[in-house]
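This structure is in structure tokens; I'll ask about it shortly.
Order of writing sets the chain letters: A, B and C. Residues in each chain are counted from 1.
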Amino acid sequence: MNARTSRRALATTAAAAAAVLALSACSAGSSSGGSDTPSDAIVIGLTGEPVNLDFTTTSGAAIPQVVMNNVYEGLVTIDQEGELQPQLAESWEVSEDGTVYDFALHDEVTFSDGEDFTAADAVFSIERVQSDAWLNGTKSKMDVVASAEAVSDTELRVTLSRPSNAWLFDMGTYVGAMFSETGVDDLATTPIGTGPYTVESFVSGDRITLAGRDDYWGEEPDITDVTLRYFADAVASTNALRSGDIDMVYNMQAPDLMGQFESDDAFQVIEGTSNGEILLSMNNRVAPFDDVRVRQAVMYAIDRQAVIDAAWAGYGTEIGAMVPPTDPYYEDLTDMYPYDPEKARELLAEAGAEDLSITFDVPTRPYATAVSEIVVSQLAEVGIDASIQSSEFPAVWLDKVFTQADYQMSVILAVEARDVLATFNNPDYYIGYDNSKIADQVIAADSGTPEEYVSGMQEVVRTISEDAASDVLFLFPNLVVADADLDGIAANAVTESLILSGLTWSD
Amino acid sequence: MARRLLSSLGQFLATLLVATALIFVMLRVMPGDPAVVALGINATPEALAQWRAEYGTDQSLALQYLQWMGGLVRGDFGTSYVTSQDLSPLIVDRVQVTLILVGLSMLLALLVAVPLGMLAAIRHQHPSGVVLSGISQVGVAVPNFLVGVLLVAVFAVHLGWFPSGGWVAPADDPVEFARRLVLPVIALGSVQAAIITRYVRSAVLEIMREDFLRTARAKGLTKGAALVRHGLRNAGVPVVTIVGVQLAAMLIGSVVIERVFVIPGLGSLLVDSVGNRDLLAVQAIVAVLVLLVILINFLVDLAYTVLDPRLRKAA
Amino acid sequence: MTTHLDAPDATGVPVPPPTTTARRKRARPGIQLIIGASLIGLVAIVALVSLVWTPYDPETTVAADRLQFPSAAHWFGTDRFGRDVLSAVMAGSQITLLVGFIAVGIAVVVGVPLGILAGMRQGRLGDLIMRGNDILLAFPGLLLAIVFGAVFGAGTVTAMVALGIGSIPAFARVARSGTLQVMKTDYVFAARAANRSEFRIALRHVLPNISGMIVVQCSVNFGIAVLAEAGLSFLGLGTMPPTPSWGRMLQESQQFLGSYDYLAIAPGLAIAVAVLGFNLLGDGLRDRFDPKMRSNR
């Protein structure tokens, strides 16, 4: 044991440490931070990453959030006020009886793979929704289409089996996305559309980058280098915003932090509207929620304003039914089930369901875990013992609750536009609401005049509420916090889509 | 020496083989047919059959295992059923991130712990040594994610000295890379430093009672000098052991720090893949983690031979 | 936790020998033992009290009372759901102790017999057991907990079992090395000469003689389990709400750092107290049970 050997031992250790580091060569990892933000670039923080980019086979709003209006476009689109606007269709005419739509399509529109967009692609896209290739449940929105034909390259004729007030609006959502006949081989990773952006890279668990197309048919966006970074944790995203790593947190999931940003001039805080309802879903097909009295008891047991205050720092609006105030057939139904635990207990006793024990599948999303804690506490007050079971979102929740309907109670943010019918007018949907009372009414309303549509739909929604099919806790706000210099933020989440093309830096 | 090395190597390989088989079997228990997970519940039987044939999940388990192992040996982890992405580049990327994070944290821990541990041992009867020892004892008890959360709150959000997280590849921007690593490395390394300090202290205390040190001191060397000249190597065995154990634990343990600092490491990928029920990804990540742990244990074994003359002679 | 999952003796690393000072003072219970036992006693008493009484129901939310700073009514304040933090911290000790007990229990029940067997049957069986142990060693408890979460669903039970299995190797190693020492002693030779059955020798001679080391290991692993459970809950893979858990409280407190710091301080302190208690207890017990001292006798 002398100094020389001990020094050698030390050197050995150092060499081993160096080897560990050398193993991780300099290229290690790909960068995920560091936005110096040149004027044509932006980094946006989001929570809830898509599993892949194929909404035709995979459910979940995270996919259309990225690709709709950015990568894919529709014949029509929905603007920030919730109004229908032309997109790939320049104009359209509807026949007297409301069943034949003649669209005039924009000329010289190309897909990102270089192919021209023609009426044939539109026919292909519409028929694809009706085919087996399209697995997403929203495909039923295309059921009303009897045929689609390409009259010429720029003329498309769609014939409906009956008049529909809803169909054209739905065509502004992802059901109406226009695909290229030759571009649907790898939708999961390489979406090809006519929109202003293409997906440049998709780093699982981290980010998606979009690049502006220089051959876009419309007005090219100012910001051509878009990075969407996904955070597992809402607080981490706001920390990243504050330390300058990202420029905007869209659909911010840590509402208690809003106050801190409001008082800081470097940031702008926007409370946008959304179509997202926080839905406390009850499985109408299984006990105990196959009994309308038990469902009604839940409605009375929950103090919705308290849920908003405690779970979401007071951001959010009570709406009473699955219809946001921006929809034409909105009606204030918030008084139908006031907070009344006494009444809830009576109903439970009547149904012979005292000391009820249920499981409550909660998706791993900040709003869901927050809401669930207070809901469980309020249910306990009336004698319902709900035990929380965590379902990883999206994979597990979509599989177990949404697809297999293997659940009793769950909670989810339903973000799709005008989704009241998709949710309740389908007995096979995971809610399992018996739609026999409303099915005919729905068709009558949809086929009727606009006035009949409004009054008919209001009646349908009232029926659903009377049956307490599920509890709409509140309308979810689209909270956006961004760098104060960012303009053109589409803060109203009227569809799932996060519209990027309007963004611009003010200096 | 060579024989010992060979037998270590043999054990290393055998362990690896059994461990991968275990992982493979363990994950077959995971509920859900991967074909259904990939294609959705509405998929037609033909589509499912075609998918199974394409990904080979219709073959016998043994064959699937062999194919998987064959891929592993070639560094091919396959294609994720869920994201349709090639797993190999993803995992290689993440492994590097985790290795850098863990390696640097351990380096920091050793740089702090070795001198402090020795100091605490030399001064074990002085108040300063007792205080050091007490601090390390408390440090061991603090969850590192709490350290991380507090560091972010103070140094990133409040003071703005460092970024709150994220990752920049060293090749892209070395300065930014370093800046981003400061807080996570402190969070992960400081608790390790506390643990290792305790081990260094006891190891050194033990050695200080040994005869050769007394002789050295009798020859007029100071306590510290005697220790540095003669004791370090002997204290090495327990310290190398604990460093190995901690390194192995940090590989997966760093997942919490990765979460707090939004670092795209292997642990975060595992948690995400579990959430997505991405069977192949989970399988590959667990295999890589286990391989690394076994590798570390193997290296620790080798280090004994180098450090401990008695072990060397025995071989 | 990460680190700690791991921490010192998770894998049965030879524990640091007692310090010279500690040896000198061995006759009296060490200061570490006293402090450690007191801290654990505190946690245990709080857990017991919380079974029958907490200032408020730790699971009842009161929207009107949300985010109140510590006051006479709420000593540790209230959280974002208006729940009393003191009550939640008190009730959280139950989960902490439960996870520790079960995890350590599994590890002891499986690991110790295996270790003794490996120590008594040195040969092919002993080798086989220790090889298996080495393989298990490659699966840290946290890794098992994450993977088990996918297979069986995340929750307290999954976490306890995974952490328990993950600590088996530590106990097997300790038990084996202790057994090897005991097997060399004269009374075991005598017992063997008297044709006592192996089982009897294990029960009468080996187990009592290694029990001290096992207890030390229990204490250390208990601390590790507490940190691991907190870490898992922090990741959302541990105890499910609304059952109070210190790790989840910490996780939830993140968005209130800088405005309502007490939300992080209370559970953070609770974890530190419990882990410190078990570590000190382990160190203190080690000084008393050190096998070298015993063999010197």
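Heads up, the rule we're going with is that contacts are C-beta pairs under 8 Å (C-beta built on N, C-alpha and C of every residue); 3 or more make two chains touch, one makes a residue touch a chain.
The model shown is predicted, which means the values in this text are computed figures rather than measured ones.
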Seminar exercise, completed: By label, the chains that touch chain B as well as chain C are A
Exercise. Taking each chain's centre as the average of its Cα atoms, which is closest to the average over all protein Cα atoms shown?
Worked result: B
Seminar exercise, completed: CA centroids of chain B and chain C: separation to the nearest Å works out as 21
Seminar exercise, completed: Whole-angstrom distance, CA centroid of chain A to CA centroid of chain C, is 43
Seminar exercise, completed: Cα centroid separation, chain A vs chain B, in Å, comes to 38
Exercise. Which chain C residues reach two or more other chains?
Worked result: 254, 258
For this session: Spell out, as numbers or ranges, the residues of chain B touching 2 or more other chains.
Result: 152, 157, 259, 271, 274, 277
Problem set entry | Touching two or more other chains - residues of chain A | 233, 364
Problem set entry | Touch list for chain C against partner chain A, complex | 59-61, 63-64, 66-67, 80-82, 153-155, 236, 240-242, 254-256, 258-259
Problem set entry | Residue ranges of chain C touching chain B (in the complex, touch as defined) | 1-8, 10-11, 13-14, 16-21, 131, 134-135, 137-140, 142-143, 146-147, 149-151, 223, 227, 230-231, 234-235, 237, 247, 250, 254, 257-258, 264, 268, 271-276, 279-280
Exercise. Touching chain C in the complex: which residues of chain B?
Worked result: 11, 14-15, 18-19, 22, 26-27, 29-31, 124-125, 137-138, 140-146, 149-150, 152-153, 157-158, 188, 191-192, 195, 198-199, 201-203, 205-206, 208-209, 238, 241-242, 245-246, 248-257, 259, 270-271, 274, 277, 282, 286, 289-290, 293-294, 297
Exercise. Within the complex, which stretch of chain B touches chain A?
Worked result: 32, 37, 39-44, 80, 82-85, 90, 93-97, 99-100, 103-104, 106-107, 110, 152, 156-157, 160, 162-173, 176, 180, 212, 228-230, 232-234, 236, 240, 259-262, 264, 268-269, 271-272, 274-278, 299, 303, 306-307
Exercise. What part of chain A is in contact with chain B in the complex they form?
Worked result: 1-3, 5-6, 9-10, 12-13, 16-17, 20-21, 23-34, 49, 51-52, 57-58, 132, 135, 186, 188-189, 202-206, 231-233, 236, 239-240, 242-245, 364, 392-396, 399, 403-404
